[in-house]
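For clarity, chains are labelled A, B, C, D, E and F in written order, and residue numbers in each chain start from 1.
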């Protein structure tokens, strides 16, 4: 029985390690990647393997974290999205997706854990309609 | 082009009239009934004709407003539910459904309008998954 | 003393009229336009004249309501944004901006009024820091 | 059967009239006063007659709207509080009470109606504990 | 000085152990039981000993988690309630209680900790009215 | 790279130790003090060194936790504030600041961690306006 994983995208190795360690110690499963293209490839291969996205914004050459989030939301329209950033945080109001959380660097690990957990808990239990009662 | 209606259940004629008038003047379409059985019959005949439920709790002999709400939620699991009541309001924590609003009598009409509007606006836009982008 | 206006963008004339009338009767000032380019031009000319954006998604040839919202948020990062749409509502999770509300057509006018008012009331009172008390 | 009234405190006559008219047309009962001392006297005489407080901040000589709100909350610890202000809005974070709403002047009337209604609807249905079921 | 305990109801031994271990490591006190009848008996014996309920839905023969939650809410009308379930999650909209959280299995332990903590923190500080100030 | 610290104010040594240990183990940096005057002095010396306030209410002779919170909010109007208290909790509605959390003693450590993290995550990413896009 597996819960799926949190997809973590961060191009700075030390911060990626911190995030992976913090999330795993809290009890999450994590798949960490270091570029937007790696993130999108991992997600497209198995969308159902991922239960949340945690992404840095500036990811070197190529797409940014804003694009990664829109990409995964086009397939899973309500998947939890948490952004972490320093100087790009002010663009969240224009570039972020709905029901996402923006965490400004530097941050504390419990902020990340609480953000992902809160968004997961706000997910509707299921998308399949309930059966009418037979009463 | 019709938006569907708010199903209003209230056994006191004067209050039912107040609710119908207030909601219609604000711009809602309303179907008013005076018993739980009439409410459930109207709903079962055309579930898609209703976009919200507004129900008194004590409705004379037969089922209460608590039962009406559970009944409609078994078919439409996220339909907005607003209760109005005097002496039954304290049972809301045990008998109400999730994401509902309990308004204690006596009330002001804008409370009703705001409650229904707010719950409608929190509905997920659609239940059908979005198409993956072709990029 | 003026409060600024709600910028309303809708290419269907009848719906635009309904929105303008409903908002004005409720007490709002409204500037209505019928295309994305007209909306962006009106906003760019006087960003401080607008306190909220209400936009349809599909606006004929040219940019969509998604682009209009991102455009105004790049200048005013927390301005209230409400979308109305029929068949594009399911893309909100990927294309919408944070802290926006998606209202699915057909809708009731009080949903619009409540959505705009609620978002306006969640605005931080001011962006200027308070002065330290002299105690 | 009376719902109690909204206590409105505003020292500028024209704005007080606007608020009274707007709230009454929406369906609220209103008691309007023009100073903090009049507000506290009216409230102390009959605390149960009031279901919400709407107060300007700067009220001429004597206590401010911040003091009026703390005064009524000392007797009714969860009564809805809405502030309206121009230049004092930035002090809300330090001087306001919990679960209040700060609306910056100039404002639209539906903001006021929605703020009061939303806070009233968040009130717990009753403070008296429910009886254990006899099952 | 004791904080009371979280009442955990889960009929699958391995999952019950996971929940007990996870909650205790986080700092909670836990009372774990494996049936609805044991849960209701433990609660009825000392309602004040419990600060939250965490319950599976399908609990073998006898009442379900839906019934356990309604039972405890009839005595303590605002006690935090968190459900965990796999195939019963879609019934939450009809069978759950207000202000509860539904977590779908499989889950991560921090989701449980965050859900219980968040609901506890939303509790009104006290039910006893404050004393009027003597000013 | 430092995140700043949580300022913890508690005059009972054992509880202060519990709070410091719990927060540090979770990943926060903590500055603990045992009186209101020490808290205000530490804050005034370096306001930017603090990202949140966690304060007991009754702090012996001198100002209470209510005053400490108002003091820091006068300089940083949106800094997260969490109160912990036993017998003063009922005054929160009158004496607390907006967007604060009141936690009643006795409490569990994850309540504190979740409260601080949640309030930090609700902070607007930045107060500086974003640059208009050059499109």
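The rule we apply is simple: a residue touches a chain if its C-beta (ideal position, glycine included) is under 8 Å from a C-beta of that chain, and two chains touch if they have at least 3 such contacts.
Treat the numbers as computed from the prediction; the structure is a model and nothing was measured.
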Least hop count linking chain B to chain C through chains in contact: 1
Intersection of the contact lists for chain B and chain E: A, D
Copies chain C and chain A - interface residue numbers shared by over half, same or different: same
Cα superposition of chain B on its sequence copy chain F - rotation in ° rounded to nearest 5: 180
Distance between the centres, which are taken as Cα means, of chain E and chain D, whole angstrom: 35
Centre-to-centre distance between chain D and chain C (centres being mean Cα positions), rounded to whole Å: 28
Where chain C touches two or more other chains at once, by residue number: 73-74, 77-78, 90-94, 102, 113-114, 118, 129-130, 133
Topology of the chain contact graph, where touching chains are joined (line, ring, star, complete, other): other
All pairs of touching chains, each written as two labels joined by a dash: A-B, A-C, A-E, A-F, B-C, B-D, B-E, C-D, C-F, D-E, D-F, E-F
Interface residues, chain F side, partner chain E - complex: 22, 85, 89-94, 101-111, 113-115, 118
Residues of chain D that touch chain B when the two form their complex: 1-4, 26-29, 113-114, 116-118, 120-121, 123, 125-126, 128-130, 133
Chain A residues touching chain B - in the complex, by the definition given at the top: 71, 73-78, 124, 127, 129-133, 135
Residue ranges of chain A in contact with chain C within the complex: 70, 73-74, 77-78, 90-100, 102
